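Working notes, beginning with the structure itself.
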């Protein structure tokens, strides 16, 4: 392990304190004329310092950069103080569409609509307005549909460093029990009870 | 001397980190439900901590309040960062709205929303705050909507002498029918389908 | 045109159907297809006047459900056999779409949880103090004329017309049969493989769903054993004991859902500023109700 470079750490602290958004290690490396790896090591050392000294703030890695933010344990006090930034929450449909964009990007409006089964015009407008998604290109196929992807603001909003930090989609593929339930209800060929229940065409 | 109250200090650190303005001790005292003198003592203890640990930031007392700022010894790096390292940019939606104001001025908030197809409230607030747009009059029609236009600062920042220096719309706008559609939109013939697509007020 | 819609309508037909099927989780066998169809139609009837765009998908799914119900009420009936293959495809697709819907619903819930955690921290936004604050160049200056003009171009480009697919299913090229081959090849002779390993590197979720269906099919045929320690745990798949190497694929016809719908695809283009499309705003549910009645009378 290398010895700690206090002067480098101090410079990083000053820069991060002056920044309004996460600062990428490469930006700091360039400004401070040191290798990127040393910046990252210094940030980690600082972060550990703050944690062991039980500071009320943390040095977090978000959207590819480092930033100061309040310690989650103190949310109660901070919430009382700061009203800003508390965006209106997203509706269920908006959140589900955002999840689809996050995992399927780049994705067109039509693809999104096909998965959701409904028109997504207004939901896409909301997500664009909030800055969580943006145009990232055009479909090369006929129609040249606009393709959407998630933004830095999306990562910041979720407190993620990169898209790779999203939980893998495979985690959400429904469990066996759920599949069986859907299957039994829709297909219904396996279950004798079900077939018995089908015999009188009862009036609903 | 009283024993140090670590929990109080942590809460103060979090509040100061979240604030964009200096925070008065009386405000913190009220919020944290402790006497003002204890808040001041805690701030002084923190400030001494940072100094003895040679942090890159200081807890300064400014205009009656406390705030974090960079350590004067590191001014060189902060200056370099502010000049070169910051990526403060306007968001896509803000820039698009600004473009509409620039080309269509004077324009009302409702007209802007009609073209952008989304709520423009927060975007207009940002542009006003930055001084890129300003009120230039009132719509003579019903409602007397505020009309916006771009400012001198807008031109200066883009390196233009006058609005006449903006490339004409036709140069990059494809075809006449588009312009017609745009004019129709500006005249307020909102598309009914689009109204139908308004977001439901649901919350997931 | 003003449309009053319930939340469930706006969440879409798959959400609605999923909700109807899963709301009585206590006893899964207590829910019959008949109940679901009735409840679904009831929901549809509650939507008094439907926006064409919203209605189409709902109606297509209602039609599939009614078909399935009709098929169920006439077990072994010869007349329906011609349509069977098509119907099986439809229901497999419907199942796949429901699983997909559920997948993204859960993913959305996970995002919401991340967001809740993230919201407990507030980032420092104060920026630099003076004199540094006034040194910072203006954001617009950094933007430059070129990027500004690009934004203008975007702002003044007419928005795309909405593509409304008349099919309630997207073109799917994955076949359960192919997936079965793939799954079988991937299961080691001894030991188990997890579902995640089976789907490693697959990014298209419909492919994942089809793989899942393939695993289930193999399970039904007694060719593989499934083990899932807990409800959300990983699913491990191993070969059944005494598994004969001969795989009888002839019985797979029913499952051969090589559902490439590209040929039959008809897209209805609705131009946002075209007036024509609005004639069909009000969609009567009578036709559907009739179909339902017919089924009941049979």
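Going in written order, the chains are labelled A, B and C, and every chain counts its residues from 1.
Operating definition for what follows: contacts are C-beta pairs under 8 Å (C-beta built on N, C-alpha and C of every residue); 3 or more make two chains touch, one makes a residue touch a chain.
Since this is a predicted model, take the numbers as computed values, not measurements.
Annotation of chain B and chain C: jointly contacted by A, touch as defined at the top.
Legend note: the chain whose CA centroid lies nearest the centroid of all displayed protein CA atoms is A.
With centres taken as mean Cα positions, chain C sits 39 Å from chain B.
Mean C-alpha position of chain A lies 22 Å from that of chain C. If you average the CA atoms of chain A and of chain B, the two centres end up 22 Å from each other. In chain B, the residues that touch at least two other chains are 14, 17-20, 68-70, 78, 82, 86-88, 92, 117, 194, 200, 202, 204.
Multi-chain contact residues of chain C (touching two or more other chains) are listed as 7, 10-11, 51, 53, 108, 112, 122, 124-129, 132, 154, 162. Contact residues of chain B toward chain A in the complex are 6, 9-15, 17-20, 23, 31-32, 54-57, 68-71, 73-74, 77-78, 80-82, 84-88, 91-93, 117-119, 123, 194, 197-204. For chain B in complex with chain C, the touching residues are 14, 17-21, 60, 62, 67-70, 75, 78-79, 82-83, 86-90, 92, 95-100, 102-103, 115-117, 130, 132, 153-154, 157-160, 167, 169, 172-174, 178, 181-182, 184, 191-196, 200, 202, 204. Across the complex, chain C meets chain B through its residues 1-3, 5, 7, 10-11, 51, 53, 108, 112, 122, 124-129, 132-133, 135-145, 147-149, 151-159, 162, 270, 272-273, 277-278.
Chain contact summary for the complex, chain C toward chain A: residues 7, 10-15, 18, 21-22, 25, 28-29, 31-36, 38, 42, 51, 53-54, 57, 61, 68, 72-73, 75, 91, 94-95, 97-108, 110-112, 114-115, 117-129, 132, 154, 160, 162-165, 168, 170, 195-196, 199, 205, 208-209, 212, 216, 220, 226, 228, 231-232, 235, 295-296, 298.
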